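A, B, C, D, E and F are the chain letters, set down in written order, and residue numbers restart from 1 in every chain.
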Amino acid sequence: MKVTVSRKAHFNAAHRLYRKDWTDTENEAVFGKCANPHYHGHNYELIVHVKGSIDPQTGYVMDMKLLKDLIKVEVEDRMDHKNLNEEVHEFIDLIPTAENMAVVIYNLLKPHLNKEHELSVTLYETPRNYVTFQG
Amino acid sequence: MKVTVSRKAHFNAAHRLYRKDWTDTENEAVFGKCANPHYHGHNYELIVHVKGSIDPQTGYVMDMKLLKDLIKVEVEDRMDHKNLNEEVHEFIDLIPTAENMAVVIYNLLKPHLNKEHELSVTLYETPRNYVTFQG
Amino acid sequence: MKVTVSRKAHFNAAHRLYRKDWTDTENEAVFGKCANPHYHGHNYELIVHVKGSIDPQTGYVMDMKLLKDLIKVEVEDRMDHKNLNEEVHEFIDLIPTAENMAVVIYNLLKPHLNKEHELSVTLYETPRNYVTFQG
Amino acid sequence: MKVTVSRKAHFNAAHRLYRKDWTDTENEAVFGKCANPHYHGHNYELIVHVKGSIDPQTGYVMDMKLLKDLIKVEVEDRMDHKNLNEEVHEFIDLIPTAENMAVVIYNLLKPHLNKEHELSVTLYETPRNYVTFQG
Amino acid sequence: MKVTVSRKAHFNAAHRLYRKDWTDTENEAVFGKCANPHYHGHNYELIVHVKGSIDPQTGYVMDMKLLKDLIKVEVEDRMDHKNLNEEVHEFIDLIPTAENMAVVIYNLLKPHLNKEHELSVTLYETPRNYVTFQG
Amino acid sequence: MKVTVSRKAHFNAAHRLYRKDWTDTENEAVFGKCANPHYHGHNYELIVHVKGSIDPQTGYVMDMKLLKDLIKVEVEDRMDHKNLNEEVHEFIDLIPTAENMAVVIYNLLKPHLNKEHELSVTLYETPRNYVTFQG
């Protein structure tokens, strides 16, 4: 009897989408305004989903306070109010698209979860654009 | 050709999370503020999902008015403006965590649906915490 | 390593639910207020989900600007500010329930996507009623 | 010591914006897609605000259940699932713009409120467009 | 040149609406389900508005971090996960309607603000019911 | 008989809060994480309110399409996907706090409106923080 628990979190950050090995013209052709060398930014809304069995002792799949704290340490403390390209080492050589960010966040959280738990990550880049990675 | 229809509903209730066979100290260690003996409460947002084939006569998987009425009778009338621990018999001996509530709601609704229909239940305890049970 | 990208869009339209081969009384018995011969209408919120591999060159599953433009051409330009029963030819002989609309929208978008991409469509008819079609 | 109480309600309807004394070309020049002779429609979100003194007996400005019922009788029963131009007599000779609708709704509700109460009406035509009328 | 800054916060609590000097029948006649002696509860969404001049040094009306901390100490720490009737001394002899709660919260916050600042308080009891107190 | 029409828009941008005439330590003491020299960013939600009389010819206070276009030209085209400190000349010597941004946006829009129209501007920096400037 498996239930998925989901926890929302929030951080904001600057980023730009570009490849160092492409010219400005090539970057702008592919990434448009998102390639702006001066950066732009977003309020990211993150939803972390953990699927597992209900512990009959507590009625919890996992303690949401622990999940909240884990998201804070692994995601918010690294990314909140940061420039993703410049200050978050996972994105030094990886374009911080929402897709890549969801995979990075998944990989940051996964090692800290119980092995029986299935993880998935939803990331809103804007209220109209979001991505989901299920591992 | 299966489509999932989803209907949102709302109820509010008081509850506390605790085990009768634990001391206050044990309950507070595990459930924190949620163990408060004087209760606290929530606006629960419920989303009921029913997956099935489209009836070619009506274009409906099922009539959403019937689903709305079913949720009212089986969930809202039992739980709305109630103390879950004291007044909802399913939680006399079951901790009313969101996880357990989703399973209870699933079991209340399931017998009233067409057998071919797949049911799942999403329950928001707060705007930031929610659970999903797919049976 | 597959990620789902989701894009929200909006259109509004008039419709009524009825079968031409039923009497008014029969239509009202099944469709209630939705059968009103003078029509009513909705703000439809559409979410289009595309699941695929991340392109290692761009970090994109697909360019969300292209997805936005595709939704505009295939869905918004056909349905926005329209009477679905009278002006959208897919609904001349198909009842424009949310379920049927999700299938029609799926079929309008699918041929324009990369074959490896999995499509699904979520359509909100009201803030409390929505449907999802995954193909 | 005055407090404003606000109650949200919902209805959906079809309408078109046009003047009978203008040609189709004139109507389309001013009202664009909203002049479509086949109608389009919206989910209207209505918020009714009533400002008054707190009754020291009850702690209420007014009973929200009474306000909810008043909105149902005066607004929802008249407009929900209706064609505003064809079926709501206030709009037979008045263009059902959101602005005019807010004034009409204000005038429908005002006579039923306590004279000391100040009324205002907010009406969302879409999630991005809304109007407020304060009398 | 005055600007209003607004900060949202959240707490949840149990309460019941009743007068000790009324019988159960009288309380139920006036307060309906809200009089339930076993309590029910809500997720309260609080928005605190502070209007004042922009400090030309900082570009702030007031530091939102200080406002956030003030709301935490004065409101959340007193009311979150509490039974308002039993545990929040302002409501020992005052019915915890949303109206009275908005006034109490106003009075808790006001002494801690700069005298030139105008305060107002919006409190959502449910997503459909809210109140505003402007002092 | 005056009605307020409100239109929502969206843009995203990078910024940092700091004074050039302060040291890094001074800036961090006042602006905290918002002073980060590498910038961070936000999805800004803008609501523009215009209050005026209803034109009896059209039923409009003003054509919302014109307001939408005005916001696009005056605000979105200047600020969307930009670094406010580096690329928006109004903020070369003005700290881009939400308060200052609301005043700047007000001043950009005001000259283009009818003189009888009253303007106000609401700007969400995050879903929990917003400001309003009424001129």
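Rule of thumb we're sticking to: contacts are C-beta pairs under 8 Å (C-beta built on N, C-alpha and C of every residue); 3 or more make two chains touch, one makes a residue touch a chain.
All values derive from a computational prediction rather than experimental measurement.
*Asks:* If you take the chains that touch chain A and keep only those that also touch chain E, what is left?
*Replies:* In this structure, the chains that contact chain E and also chain A are B, F.
*Asks:* Applying the touch definition from the top, give me the chains sitting in contact with each of chain D and chain F.
*Replies:* E
*Asks:* As a test of understanding: of all chains, whose mean C-alpha position lies farthest from that of chain A?
*Replies:* The most distant chain relative to chain A turns out to be D.
*Asks:* Where are there more C-beta contacts: B-E or D-E?
*Replies:* Taking the two pairs in turn, the one with more contacts turns out to be B-E.
*Asks:* Among the chains here, which has the CA centroid at the largest distance from chain C's centroid?
*Replies:* Farthest chain from chain C, going by C-alpha centroids: E.
*Asks:* Need the CA-centroid distance for the pair chain C / chain E, whole Å please.
*Replies:* 41
*Asks:* Taking each chain's centre as the mean position of its Cα atoms, how many Å separate chain E from chain F?
*Replies:* Chain centres of chain E and chain F, defined by C-alpha means, are spaced 29 Å apart.
*Asks:* Which residues belonging to chain A are in contact with no fewer than two other chains?
*Replies:* Expected reply: 127-128.
*Asks:* Can you name every chain pair that touches?
*Replies:* So, checking each combination of chains, I get A-B, A-C, A-F, B-C, B-E, C-D, D-E, D-F, E-F as the touching pairs.
*Asks:* What residues on chain C touch chain A, complex-wise?
*Replies:* It comes out as residues 1-9, 54, 57-61, 63-65.
*Asks:* Please give the residue numbers of chain A that touch chain F in the complex, ascending.
*Replies:* Against chain F, the touching part of chain A is residues 10, 12-15, 33-34, 36, 38-43, 45, 80-83, 86-87, 126-128.
*Asks:* Once bound in the complex, which stretches of chain F touch chain E?
*Replies:* 17, 19, 30-32, 94-100, 102-103, 127-134
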